[in-house]
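Structure first, commentary second.
Labels run A, B, C, D, E, F, G and H following the written order; every chain starts at residue 1.
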Amino acid sequence: MHTTEARALLQAVQDGTISVEEAAARLSTTGHPQDGIAHLDTDRPRRTGQPEVIFGQGKRAEDIAQILQALHETGQTALATRVDPDKAAEVCAKLPDVVWHEQARILAYAADEPSPDVAIRGTIAVVSAGTSDLPVAEEAAIVAEAFGHPVDRYWDVGVAGIHRVLGHMDKLSKASVVIVVAGMEGALASVVAGMVPCPVIAVPTSVGYGASFGGIAALLGMLNSCAAGVSVVNIDNGFGAATQATRINRKRVE
Amino acid sequence: MHTTEARALLQAVQDGTISVEEAAARLSTTGHPQDGIAHLDTDRPRRTGQPEVIFGQGKRAEDIAQILQALHETGQTALATRVDPDKAAEVCAKLPDVVWHEQARILAYAADEPSPDVAIRGTIAVVSAGTSDLPVAEEAAIVAEAFGHPVDRYWDVGVAGIHRVLGHMDKLSKASVVIVVAGMEGALASVVAGMVPCPVIAVPTSVGYGASFGGIAALLGMLNSCAAGVSVVNIDNGFGAATQATRINRKRVE
Amino acid sequence: MHTTEARALLQAVQDGTISVEEAAARLSTTGHPQDGIAHLDTDRPRRTGQPEVIFGQGKRAEDIAQILQALHETGQTALATRVDPDKAAEVCAKLPDVVWHEQARILAYAADEPSPDVAIRGTIAVVSAGTSDLPVAEEAAIVAEAFGHPVDRYWDVGVAGIHRVLGHMDKLSKASVVIVVAGMEGALASVVAGMVPCPVIAVPTSVGYGASFGGIAALLGMLNSCAAGVSVVNIDNGFGAATQATRINRKRVE
Amino acid sequence: MHTTEARALLQAVQDGTISVEEAAARLSTTGHPQDGIAHLDTDRPRRTGQPEVIFGQGKRAEDIAQILQALHETGQTALATRVDPDKAAEVCAKLPDVVWHEQARILAYAADEPSPDVAIRGTIAVVSAGTSDLPVAEEAAIVAEAFGHPVDRYWDVGVAGIHRVLGHMDKLSKASVVIVVAGMEGALASVVAGMVPCPVIAVPTSVGYGASFGGIAALLGMLNSCAAGVSVVNIDNGFGAATQATRINRKRVE
Amino acid sequence: MHTTEARALLQAVQDGTISVEEAAARLSTTGHPQDGIAHLDTDRPRRTGQPEVIFGQGKRAEDIAQILQALHETGQTALATRVDPDKAAEVCAKLPDVVWHEQARILAYAADEPSPDVAIRGTIAVVSAGTSDLPVAEEAAIVAEAFGHPVDRYWDVGVAGIHRVLGHMDKLSKASVVIVVAGMEGALASVVAGMVPCPVIAVPTSVGYGASFGGIAALLGMLNSCAAGVSVVNIDNGFGAATQATRINRKRVE
Amino acid sequence: MHTTEARALLQAVQDGTISVEEAAARLSTTGHPQDGIAHLDTDRPRRTGQPEVIFGQGKRAEDIAQILQALHETGQTALATRVDPDKAAEVCAKLPDVVWHEQARILAYAADEPSPDVAIRGTIAVVSAGTSDLPVAEEAAIVAEAFGHPVDRYWDVGVAGIHRVLGHMDKLSKASVVIVVAGMEGALASVVAGMVPCPVIAVPTSVGYGASFGGIAALLGMLNSCAAGVSVVNIDNGFGAATQATRINRKRVE
Amino acid sequence: MHTTEARALLQAVQDGTISVEEAAARLSTTGHPQDGIAHLDTDRPRRTGQPEVIFGQGKRAEDIAQILQALHETGQTALATRVDPDKAAEVCAKLPDVVWHEQARILAYAADEPSPDVAIRGTIAVVSAGTSDLPVAEEAAIVAEAFGHPVDRYWDVGVAGIHRVLGHMDKLSKASVVIVVAGMEGALASVVAGMVPCPVIAVPTSVGYGASFGGIAALLGMLNSCAAGVSVVNIDNGFGAATQATRINRKRVE
Amino acid sequence: MHTTEARALLQAVQDGTISVEEAAARLSTTGHPQDGIAHLDTDRPRRTGQPEVIFGQGKRAEDIAQILQALHETGQTALATRVDPDKAAEVCAKLPDVVWHEQARILAYAADEPSPDVAIRGTIAVVSAGTSDLPVAEEAAIVAEAFGHPVDRYWDVGVAGIHRVLGHMDKLSKASVVIVVAGMEGALASVVAGMVPCPVIAVPTSVGYGASFGGIAALLGMLNSCAAGVSVVNIDNGFGAATQATRINRKRVE
C-alpha cells in the first residue's frame, strides 16, 4: 500500500468513518482469499497495469479452465500461455468463448467489455530470424495484441541474407519498440539495434543444435550485443518480451 | 540508407543535380573515412538518436583523448566509460574541459551547444540493492544524465530488508522506467517489477563471491524473474541499461 | 561405535561377561547382514534419530515393497519417495496398509506402535512460490508429518505479488523453521529470511524454462541470498529439506 | 509491520493518542533515515534476532569504520567480515575498542552492555577438513561466538584419514548443530551427517585446484550428499553458516 | 549490392535507360517477395556461389516439399537436411524426383540442367573416427557431392588403433581438404592435421556419453588442437563442414 | 611396428627371404581389410593384451551380431556393452552361444579355447555405494571376469552409514585393485583410498538428480579426492574401469 | 613415412645400396634428436608445408632465443607468438636480426634465403570488429605475411554500424579467404559469410566483460552461425586462423 | 582398525596383558595427538603404504618446515609439493638437508635410513606432450622417485608430430605404467593407451588458452578416451598421478 493511500486510511480511522478492524484488514494486503492451490493476484492490474497471465505448462486442463474463468469474472482479459493442443481442446470444450492460437500456443478469453482506453504510443514490431522461431515470435505478437497494442510482423529475415532485414529498415525505424526473436547465434538483434532509434527487446530461442545448448548461444550473443539499446528476456520467452514491449508502448503514469 | 532517401538520390541523378560519382559515394555508406585504428560511426545519432560512446577499457589514454576530441568536434556529447583513474587524469590533463566521474569511471566531454530539444517522457529511476553496486548504478545514472534525462537515485534498498524498497514505491510507481542494479541473487528486480507499471531494466552485477560466479547468479535470477516487465542487460553493464532506458524515455519517432 | 560404548565393551571382556568373539562381532560395525542387493542401515535411528528412507526412483515396485516391509518389521516408520503412480499402485496392492500420497509421490507405511515421544520444539512452515512447486513442497510437508512434526502450508505466495507473503509474516515469524520452495529466480527465500527469526531451508525447484537450466537459476539465487539465515538443499529435494527441518525442530540431544 | 502492531497503531489513531502524521510515518517502514551511501537496517534485530553485519570486501576503511561506529551506537554488536589486514589496521587506529581477528578476517566491536539473555540451546561444533580451510572455519566460529554462542573447534579431520573424525563422534553427537567446512570433494559433510542426530550446515571452500573450480566440486558434493540432515551455504561463506547455526541454536520464538 | 553494380545502375538512371522507380526497386534488396512463412534467399548463389539449403528439423513435410519445389524452380540444386524418415517418405510421395539419402538424412532434388562448370581444385576427403559418426560424416559427403565435388570416404579409423589412419596418409596428403568427423575426445583431427598439408575441417559429434556432454568434449578438443591447420564447425554439423570444404575446393573468384 | 620388428623385417629383405612387396605390405599397418562400415582392430590384443570390445549403443542388432561373430572367429573373447534387452534377444536368437548379462547390459561370446595363461596378480574388488549404481558396477565386474580375473563384489556400502564399508576393510586391503562405483557426491572413493594400499579406480555414476547434473557432482568429487591413489574414468563407464583394473592386475610385460 | 617412400627404401635395402642399420634409422621416425627440453619437429614442413612455430607464452626468453636460432639454422622462417615485451627485448638483444611485432606480440626471424616459390592463390582479408580485437587480428595478419601471403586489413567494422562492413563487400568478395576477428557477440562472421563466396575463418576474441565469459559468447555465436562457409578456431587464436587461411590459400598438392 | 587387529587386542584385554584404558585408547583411532593447526596422519603408511605429503600451496614457510620436520622425525620420507621458490628458500635455510626441485616445485626431506625394501614391479614412464607441461610432469616423476621407483622421462612428444611418440613405443610397451601429461586437447593419452599393454594414468594440464578453460578441454578429452586402459587425475595433479602409479607398480599386499 502506498503512503498516500495509507494516510487517507488513517485519516478515515481518526474521523471514525472506518472501524479499526476494517482498516487493519485493508492494511493486511493479502488481497484475494486463497482458493485451492492458486492464490490469484487480482490486484496486479492496479499496480502494474497488466493482468496476471496463466503459465499453462505443467497445469491440468481443468485447472487452466478454472483460473481462466476466475480471471474473466474479474473483468480482465484472461490469457494462458504454453498450452499444448490437447489441453487447449479440452479447455475450449468447457469454455466456448475462449480462442485458441495454435502456433503461439495461447488460450485467450477476452474481457466482456472493452478495457478503458489505454493510451498507446505506437506500433510494436516483431521480427524473427527464421521460420523455426515463429512459435516464440507469435507468442509475443498475440500477447501484445491481446493487451490492445498494434503489431507488425517481419518473418524470416536473419543475417545470413542481411539485405532482407535492411529492406525493412524504413518501417522498423518508425516502430515504438522492436522485438527481435532469433535462435542460433542471435546476431539479428545487434544489427537491428544499430539501425533504429527505439528500444530493442531481444528474445533468444532454443532453435539450433549442438553448441547452441538450447538457446544459450543466442542468449549470450544478445547479452553481449555491441549495439546500444538492447535488453534481453529469457530463452523462448515471447510472453516476457510482450509484457515489456507493452509497458514501453504505453503512456507513462502521471 | 533508407528507401525514401535512395529514391530522392536517384531522382537527383536523373535530374542531373548530382553526379554519378557523388551519388555512388553517398550510396557507399562507409561514412566517416577510416582514421588510424578507429572507424568512427558518426552517422549513429541520425540512425539511433544516440552518439557512439567510447569503451575505455583496454584503450590507451592518448587514444581515448583523441577519439573524445574527434567526437566532440562533430558536435556530439562525447563519453568514455570504464576508464581507470590513471588514464582519466592523463586525459583530463590533455583536455581540460572533460569531466571525470570517479565512481562511475566515466569521462564526459559536453557538446558546446545544447543539443536540440529532446522530447523526454519522464524520470528514470535507478535503484541499487547494495552499496557495492554503486559503481554500476552510477554508470547508468551518469550516462542517462549526459544524454539529457532526469534521474532519481535509490541506493542500498536490497530485499534483505524489504521495507526499504517498499517505502519508495509511491515514487517508483511514477517513474518512466526503473533501472534495478543488484548483485548476489538479484531478487530486487522481481520485487520492483511486481509493484510498478513501467518497464524495469535489470542490471546484474558481479558483486558477490563463490557461487555468484562473477554475476551469473544475479543474471540468471533476473532472466527468470517471475514478474512481468523485466528485461536484462549484461553483467555490470550500467551503460547498456542507460542507453535502453533513454530510448524508452524518449518520445517515439513519428 | 563411540568411545564410551567401546570402553564398556572392553570392560565386559575383561570381566569375562562377554566372549572375545562376540565383542569382535560387535566392534565390527557392518550391522544388518547384507540381504540381496540392499544393505539396510537399521542402525541409523540410533545414530541420527531418523529412519532410512527409500529413494524410489529407478527401483522396481517389488524391490520397493520388499524394503518397505523389511523396514516396517524393524518397527520404524517406512517411507519411499519419488515413486511414480504405476509403481505405487503395484506396491499398494501387495501391502494394503501402505498409504499413497499422490502429489508428493510418497508411499508411507506407518509403524505399528507410536514412536516414543519425540520432543518437538514447534511448527514447521512450508512456503511455496507457485502452484507448479507443489509436488516438491508436498514432499517436504508429508515427510515432516510422517516424522511426527506439525506442518503449516502457505501456497502460491511468490514475489511477483509481494503482498501475498507479507500478509503471512505474523504466523511465519512464529514458526520453528521455514522451508521455502521456489523455482524460477527463487527470490522468495531471501524475502522470507529477512523477515523471520528462525532458520530458513531453501529448496530450489526445476520449475521454469530456458535459462532456469532445470533449477540452477533458483539454486544459485538461494546460495547467494543477501539475507542471513538461509541454507540450501539440492534442486527439487523436498525430502532433504524435511530431514533438515525436523532435525532442527527436535530438542537437542543431551 | 506485523498485523498485531498495525492494529495497535490504528487503535491509537482512533483514540487520538497519536497523530495521523506520526502514524503514517511509522507505517512507512523505511526505518533509519538514509545517510550517505548506506541505508542501515537497524530494525533487523527486532525482526530476525540478529544484527546487520558489514560485508567488508570492496568497502573503504573509512566507510567500514563509520558504519561500525553507527551500528555500535544503536547498542548492537557490530561486526565487519572479509576485511583485509591493511584496512583492519586503519579501522583499529580510528576505533581502538575494535578487535581484529586475523585468521577470520573479522573486525568486532562489542556492545557496551551485555545483550539481554539469549536463550541458547547448546554448543555449535565447527569441523574443518584441512588446515587450508581454517580462515573460513574461523569466520564461522568467531561470528557464532560474537553472537553469544559456545563453539567447539575440530580442525584437520578430513576423510583421507577417516579415523580422525570418527574419534570425535562422541562429542559431535552431542552438539546442537555441526558446521562442516571442507574444500576439494567435500566428503566430510556426508560422513558426519550420517553419524550425528543434529543438523549439519555444510560450507564448501575454494580450497583445491584444477577441477575443484574454485569450490564448485565441494559445493556440488555437499548438495548431493547421500546423507540426510545436510543443508549448504555459499562457497567460503563461514558467515552464512554461523547465522544459520545460531538461528538453530536459539530457543524458538513463542 | 556492390559498388560497381551501384555505379552502373546510377549511370543507367542518368542515361535515362532505367526509371527511378525501377532503380529504387533494384536498390531495395529484399529480393524474392515474401511468400508465406519463408523468405527465400534466391540471391544467395550470386553472392556466395552456394544455394540456400533447407534445415528440415522442425519443419513439416508439406513445408519442406513446397520449399524444395520453389528452390528447384529457380534452377538450383535443392537440398533438405536433418529430415527424418517419415517426413522423407511424405515428401518423396509428393515429389517423385527427389532422392532420399537415409543415413545422411538428406533429401536432394537435382537441378534439371547441369550447373555451369564449377572449377574444382581437387578431392574432398571425409574421415570418420567410429561407425557411430557415420550419419554426420555422410551428411558432409552427400552435401559436397550434391554441390558437384568428388569425395573420398575413410570410415572407422579412430586413434585407439592409430595404424588405421596412418595407413591412409598417402592418399589423405593429396586431398584438397580433409573433413574429420569424430566424437568422444575427437583426437583424430589433431593427428591428421599434423600429417597433411591441406586444411582440416573438424566436426565434433555427439557420440559418447557421460562427460562427453553431447559433444562438448570433442568440440573443445578440436578447438584446442595442438596441430596447425584445424578449424571447427558446430557439433554434428556435417552440412557446415561441407559448405566450408566446397568453398575451399573451388577456384577463387577473380 | 616396433623398431626391433622393423629391423628383423629389413634383414629379411636384405637376405632375400622376403620380397619387397610383402615387406611393404607388412610395414603398411592398416591391418585387417576394411569390411563394410567397421574396421576391426584385430591387432589390438598383440599391442595391448586386450581384445576390442563392441560399444553396442546406437548399433543395430544385426551389426552387433556380425561383429561379435567376426571377433569370435579370430579366436578372441567377444563382448558387446550397453546393449538394450530387445537387441540382446535378437542377437541371442542369431548366435545361441552368446550369453546375455541383463543387469550389466553385456553380451558375451566366449572364445572356443581358453586363452593362453594370463598371469593374474590377485583379486579385483568392485564396491558400489548404492543399489542404483549396480548396472555400472556389474558392467565393471562382468568385463573383468570375461577377461579372466577373479572379482569380489561389495554392494550398497555408501558413506551415509560409514560402518558398512569400514566393516569390509580387512578384505578390501588385500585386493589387487579396488573399483569404487558411486553417484551423488561420490565420497566413497576418498574414504576407501585412505584405507587401502592398492590403486582405486573411481567410477562416477549418473545416479542422482538436480545438482548432480547427470554425474558431474560425483565426477568432480572423485577428481578432487583428498586421498592419494585415486584415478577416475568417465561417468557410468564400468567398462573403462574394468579395462584399467585388468591392466593393473596383470603381470607386467618383460 | 608414406608407403611409396617405404617401398623405395626397402628396394634400396634389397639392392644393398643402403645398410639395414641406416634403413632402420630412417624408418624410425623420431627425426631430430631430442635436445634439452624441446623436441623440434623439423620434418613438419615436408609433411604439412608449414614450419613449427614457437608458442612463447610460459617460455623463458633464453629458451625462445635458442629455439628460434635452431629453427633458423634449418633454413626455415622462425616465429614465436605470444611473447611479452620484456622477453622480446631480451631475445632481440641476443639475436639482432629478429624482428619484434609489438601489437601482434610476435618475434620473427626470417630465413636467410627466400623460400622456394610458394604457389599462392590470392589475397587473405583480415577483418576486425573493434579496435580492441587488433592484437588478435594482427597476430593473424603477421603470421600469414611471414608465411608469404598477401594480406588486406579491415579494422573496426563491427555490426553496430553495419554500413561499415557493407561498404567493403566489393573487395571482400574477391578475397581468397576472409579471417573475421570479433569479440562480444561475434555477429560479424555471420554477416560476412552471407555476402562472400570464399571460406570465412572466424576467430572469437576475449574482448568483452560479464556474460562474454572470456570469449565464450563470441565462440558460441560463431559456431552457431546461421550462414554457411564459417569454421572457427580457438578464442584469441589469430595464429591458428593464419595457419588455416594459408593452407587454404596455397595451391593444392598434386 | 581391522578386524584381526581388533580381535588380538580384545584377546589381550581378556588375558589381562593390556589394561582397558590402554585398549580403549588404541581403539580410539585419532592417532597422533593434534598439534597446533595440523593433525598428522602418521598411521597412513601402515594403511596405504604411502606417507602423507604436504600440500604446500597456501601454507606459510614456517608451517611447511615444521611439518616436514615432524614427518621426518617419524622416519618417513617427507615431501612438500606446490612450494613456490621464495618459500622454498626459506625452508631450506631452516632445514639444510631438504632438497629443492625447482621445476617440480617440490621440497624433499629424505628419511635417514633407507626404507625397508619395497617390492617394485618395473619402470614408470612419464610422457609429456609439450615443454610447457614439464612442471607437472616433473612433479609426477620426482614424487615417484622419492617413493623409490625408477622413472623414464619422454618429453615433448605431442601428437602434432605423431612420429615422435611412435618412435618410443618399443620402450613404452615395456613400462609397468605410463603417466601421460598433456594440455590443450590431451590427445596423447588415447594414442599411447592404444599402443601399450600397461595402465595409462592421464594428467590433464592447464596449458593452453581460450577454450582450454584452464585444462577442462584436456580433462574431458582424457575422460572420453576412445582407447581402453586410461584413468584420469585432476588437472595439473602430477602428484596424484605419481601416487597412483606407485601403487600400481608395487607388489600386491598378500
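The rule we apply is simple: contacts are C-beta pairs under 8 Å (C-beta built on N, C-alpha and C of every residue); 3 or more make two chains touch, one makes a residue touch a chain.
Treat the numbers as computed from the prediction; the structure is a model and nothing was measured.
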Labels of chains that are neighbours to chain A and to chain G | B, E
If we look at chain B and chain G, which chains touch each of them?
-> A, E
Copies chain F and chain E - interface residue numbers shared by over half, same or different = different
So which chain is the furthest away from chain F, centre to centre on CA atoms?
-> B
Based on CA centres, what chain would you say lies at the far end from chain A?
-> H
Could you let me know which interface, D-H or F-G, is made of more C-beta pairs in contact?
-> D-H
If you average the CA atoms of chain A and of chain C, how many Å lie between those two points?
-> 38
How far is the middle of chain B from the middle of chain F, if each middle is the mean of its Cα atoms, in Å?
-> 59
Residues of chain D touching at least two other chains = 3, 28, 44, 130, 160-161, 166-167, 193-195, 210-212, 216, 219, 223-224, 228, 234
Pull out all the chain pairs that touch, please.
-> A-B, A-C, A-D, A-E, A-G, B-C, B-D, B-E, B-G, C-D, C-F, C-H, D-F, D-H, E-F, E-G, E-H, F-G, F-H, G-H
Show which residues of chain H lie in contact with chain C when the two form their complex.
-> 3, 6-7, 10-11, 13-14, 16, 20, 23-24, 27-28
Within their complex, chain G touches chain B through residues 130-132, 134, 155-157, 160-161, 163-164, 166-168, 207, 209-212
Within their complex, chain C touches chain B through residues 129-130, 158-162, 166, 184-187, 190-191, 193-195, 208, 210-213, 216-218, 220-228
Can you check the complex and tell me which residues of chain E touch chain A?
-> 28-31, 34, 37-39, 41, 43-44, 55, 57-59, 63, 204, 206, 214-216, 219, 234-237
Within their complex, chain A touches chain B through residues 2-4, 44, 47-50, 53, 121-122, 167, 169-170, 173-174, 176, 193-199, 201, 219, 223-224, 228-234, 239-241, 243-244, 247-248, 250, 252-254
